[in-house]
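If you scroll down you'll find the structure; I have some questions about it.
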């Protein structure tokens, strides 16, 4: 974290520091950290049906990573999650960046209206989003076909949500549609912080608006792009709702849309006839946490350090 | 006269730019539009011609009448609203306080505390559901909106602190020191100077906090499913049955559920625009 | 290198008119400085020349071509910004090469030009640094270097020195002057510092609220301001003004009563109709001498004394509450509260009618006129 | 009102020593100005007095009490910041009243004090505006007003004028001077502008790299700089320096060779051991006269001419490449490239040894000495 | 206090509030009852969490077999053997909510659902086909309708997966594996999924893809319901619970027929699945009142009320219930001519990991999607069982 200058020594303000931090830390520790630790503790225990919890060390981890069925499921969901993340990185963030770039063009009319409208999908609940897109993509109701028909592309339409090859990608796109607002908002704010003079200078230097964006603005907002990326990563590896809303916890067809979140849910809470297994569920969650932590640490130490924040 | 001075490339660029923006706006809004128009149609109207506007034949308020008759929508609204608003207020206040302390004061372990407070961004809080439920039961808060608020506050704090800390760093140092020289106490500096100054950032955090809370289904279900305590998302769920889905009612309640969050968003978004365009706090 | 012609340039932002029809000719190789108070439209005019703002009305010609509709990159201009606007993520070298690279110059040519500019500006050692690793003055030079390499027809400078501290400002000012001598390029330069304007310009354009108040060489403006505004704006410390009453006029001569009651005969052609009117007389501090008698003399109480070492500024309060600055010698012994007199030669006085227009001054010793 | 005593104040940030033991006495009602180049520690010292920075070593006393451990609000100080640091969300009135309200003054008393300060600073009309609706000068005055209403023992100013344009700076400078006369308060004022320092200070403290270089009245510093650093820092345009060789010494007299070969006899006491050494001679531009003969004379080629109207600066390149600035009359006819001579009286010269310490000057006409 | 019923049956709120509870209150006006359903997909997780947290309602709607058994084992459900009126239920009816050894019953059986096919009578008339009675006729009818072209022959999709297993595999399967006989054989390990009956079931299922609408891979259960109720499909592989929806939404006449057996087979089998029961939260503070309610539910009034209010949910009690809905009546009449069985994955076989029921969802959907051959599907199901179930190892 970049500090603007010397901070005030806490000894001069002992009580205030404590008073400022205490309420947030207490509520957070009590309702977030304690339950999480309590649950993660479960990953070292097992409770055979009807029996008491017993400490089993790393057995649960061995099961998840060692048992062929479990590890296949686990790695399947991991790789699906990576694909899910890749689509967000390759589609959501570039679209967000591009739209933010366009919105930050000088003298653009209606920019605030555009921005407000474009962020609307982000406000919706996944129940709504899942429902809308199922409706649109349903081969039965023909909204999708009709829309493609407008462009003469009707023949391209397929039951994307139902095919193993395309279901995950389709869901990723739906998620992209919903969440584009976040990178858009954050990067737009960063772009606005770039002084107009820099843009003017580049234009006088003979750059087109695209070149200004590519050579000047983008390099300058790279730290924000990196932050958006890590938020995307954390968000994607915690994702659950959309897939659950559209495909259920079984994440079909044939687990092709199964990501870590759905795997966790299915394992922890059970699904249909499958009983929940809190111990294994907690193990999955702990592994998720480790993966996310690894990603975050990678970002902190390998990426963020290398990205210079330029004083604008 | 006017046009002679306007560069042709500017004109064509403006056309292209607006074409792109409008296309994307359309992509963003069309699905929402679909939900809303279909909410005003009969079931047959919905499924015979989902893209058509409601017309004399297909227009129907059946969904809305059902939703309003069968469920206490006012109550759901009220619950969702109060939970969301109170949570936002608490998250913003406590989050800003903590962010302020973290960004302003140097004390042993401040980096660790910052990291500790950030862990919450990385793990799904659902994982802790059972412990949370037990805790809430022990506190005797089950089936109260307070329970929801507490959990949401804990859930919203990490991101709020994370974002607000960044913004706090941008507040000119002179301003705080001027206040100190003015003889202003630390609390007063925070409440009278800092809080008003970071309003735009606060609006951003409010939006980020609001979305998952308003739309959450899980905690209302386990913490406050009781009569008169349901939130709107939970309310909608009652129209999604096991084998039968009441589409009219679902669409109507979805549309109804969109409205309040949009209003909240628009309120905050004015602050947000101010924040974005004024370079944060200058 | 090129000449520049502004023909009735107007600019409005929505309903706000910022420039009200500016006419101006800049010749090839000329160093033109725009001065004027903050908000008068200097930057706007410069940005219009650069092509960064659209023109609301009128024509802008560079080398005889109307360029109103041309984009900045097609105008052959280069601009140096007040904030320098260096690209923070590029090295000095890249900052300078950026424009050339965009124009698809070949690598060798770019390198040669950048190194040449770096040599001229003594930036050779700094080519690999980033702007954040440079001092203010060095940044300023990089910004200029970035303009030079493009070999533009016209250089535009927008308050390039205002972010520098006093010492650096003097030094960079000298460098810009030398650069102009060396490159012989057409330069349009905006500043609100009249020392810069005086020392750098071949021609100064004084802007006031979106209008050209006066155009002329520094000495013309110093000695023959056509309006009270120009008189007050050019010169430091600023010209002193006080209200005088016109008592009598003769051809080429006017008798006025100065505050305190003394009379003065000044060499101005004032229409007889103005007899009895109150008009404004201006005298520069440096033309007033303490205690001496002269054609015009004022008396007042000293209410501030500022000692600068080489000279002392005495601030007199005249009987009519107008304030006069007098420059005395560095070792002046005048004390606060003393009542003193200061006088000037008749030729040093300026006289402005109630609209702020200067009356024509007739007889004029070399000391008080521009001759170049 | 209070006196202030700094006793061996040291400050380090981690391993970086910023202040190396500052001793200073400020008397009740005195106007003290800290000057020095950027980064020399002026702001740090001021902030230490304010209590915004911890003291690493030494003692700070206000009115005889050691206040090292006191928080800013208990020190009875008020500070005006370079950036003004007005609360952007409060009106002018509230900005000024804020500190008092928190100190639980009653409403009537607050209102009276605020209005009084507003009257003094001519802010009466602006009390309901927010800072964003004020001009730079007005903001500056609000910042001062905010300090005044608190009736502090000591006022601290950190480069309060550096964000203002030239005209406003002069005007505000005068206002601050009058304010000091009126309030008779103790003021510590930081600036890097030596005109401000010269005109405002009772006592100037020249800081250099965390050390006090010299303390004295403006005229003492102007006429009797103890080091080359102070000599070069005080005075505008800056003092000219060139290397001279010491040929012979007698008590109270030294003979030196100036660049170009001419000899000069100067009234300094130089130890015989320094004969044959190269030392630095300094002469202020305003003490050089064109062409005239004097005790010291230099000859060089004019490489820049700057006409300012009232005077002309000529920049000479001496035979040893040193550069001399000469102030000529406004109507000077000297052309670029001409070789000219400039001379000064022996008393105008300053001589510094190789460590930059001034040699004692003996005989000294009133013109070249501080006597107040 | 007030008795709270936890349920996943969102759909039934009206019936409970308007009919069942008022009827109960006529007899016991002093006992307040409220029906609190949650979303079906969240039900298990919610109830588990609430039970763990001690906030669950007094009466818990029971899923059949292991889900409820586990709740009982954890001490969350009270034993109900001593409940008066429990003897109104056959042992088959109770089997879904008993311990493995049958010694304890912990939920009061409420209803079963029957699988079969619902058809659009108008479509059949237009195509000139009769209700099929054999498998061969069934496919002839489908071919005919497909040929005729104005209706989709069959309305179903695989997007939700469970339809493929429940309305497909478990619907037509009993005719292959001979109902209970085959089901028990699977449990004792004497039959395997790689055996012919199971592979054949998968194979028949695979042939359905010819008759399903385009893009059936992305058609969800509500889509299929709508396709049929809007008159766009001729045959709908159904659960009896669909009747009430179609009653309210279809504006054409529809009928039902049981899954056709192969020509020449002497017995037909139907899936008559024990689906829903009501248990007593062991920690309920209102256990006494709750028992009163449960006792009332064993009576004939409830049986008749429930079966008629929810046509397609057939009371499991021994009371004779007059069902007024013709189609529901048709469904229940198959109990007379065919052998009943329950879904073969429910008892015991879904107790381990992988879970057979969930496996069957996935495999059935894949078979119809054509991404897996019937043989592979059989092998896969068997391999899954073999992983944890001793009789199959």
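Chains here go by letter, A, B, C, D and E, matching the order in which they are written, and residues are numbered from 1 within each.
Here, contacts are C-beta pairs under 8 Å (C-beta built on N, C-alpha and C of every residue); 3 or more make two chains touch, one makes a residue touch a chain.
Chain-to-protein mapping (UniProt): A = ABC transporter permease; B = Sugar ABC transporter permease; C, D = ABC transporter ATP-binding protein.
No experiment lies behind these values; they were computed from the predicted model shown.
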Given chain B and chain E, the chains that contact each of them: A
Chain-chain pair with the highest tally of contacting C-beta pairs: A-B
Distance between the centres, which are taken as Cα means, of chain E and chain A (ABC transporter permease), whole angstrom: 38
Between chain C and chain D, centroid-to-centroid distance (C-alpha), Å: 26
CA centroid of chain B to CA centroid of chain D, Å: 55
Where chain B touches two or more other chains, by residue: 47, 129-130, 185, 217, 237, 240
Set of chain D residues in contact with two or more other chains: 71
Where chain A (ABC transporter permease) touches two or more other chains, by residue: 6, 9, 140-141, 265
Chain B-touching residues of chain A (ABC transporter permease), taken from the complex the two chains share: 1-10, 13, 16-17, 19-21, 23-25, 27-28, 30-36, 38-40, 95, 99, 102-103, 105, 108-109, 112, 114-129, 131-133, 135-136, 140-143, 146-147, 177, 180, 185, 188-189, 192-193, 209, 234, 238, 240, 261, 264-265, 268, 278, 281-282, 285, 288-289, 292-293, 296
In the complex with chain E, residue positions of chain A (ABC transporter permease) that touch it: 49-50, 69-70, 134, 137-141, 157-164, 244, 247-250, 252-255, 265, 269-277
Interface residues, chain E side, partner chain B - complex: 8-11, 13-14, 34, 36-40, 42, 46, 49-50, 52-55, 221-222, 225-226, 230, 239, 241-242, 244-245, 249
Chain C-touching residues of chain A (ABC transporter permease), taken from the complex the two chains share: 195, 197-198, 200-207, 211, 215-216, 219-220, 308, 310-312
Residue numbers on chain B that touch chain D, as the complex places them: 172, 174-175, 177-185, 188, 192-193, 196-197
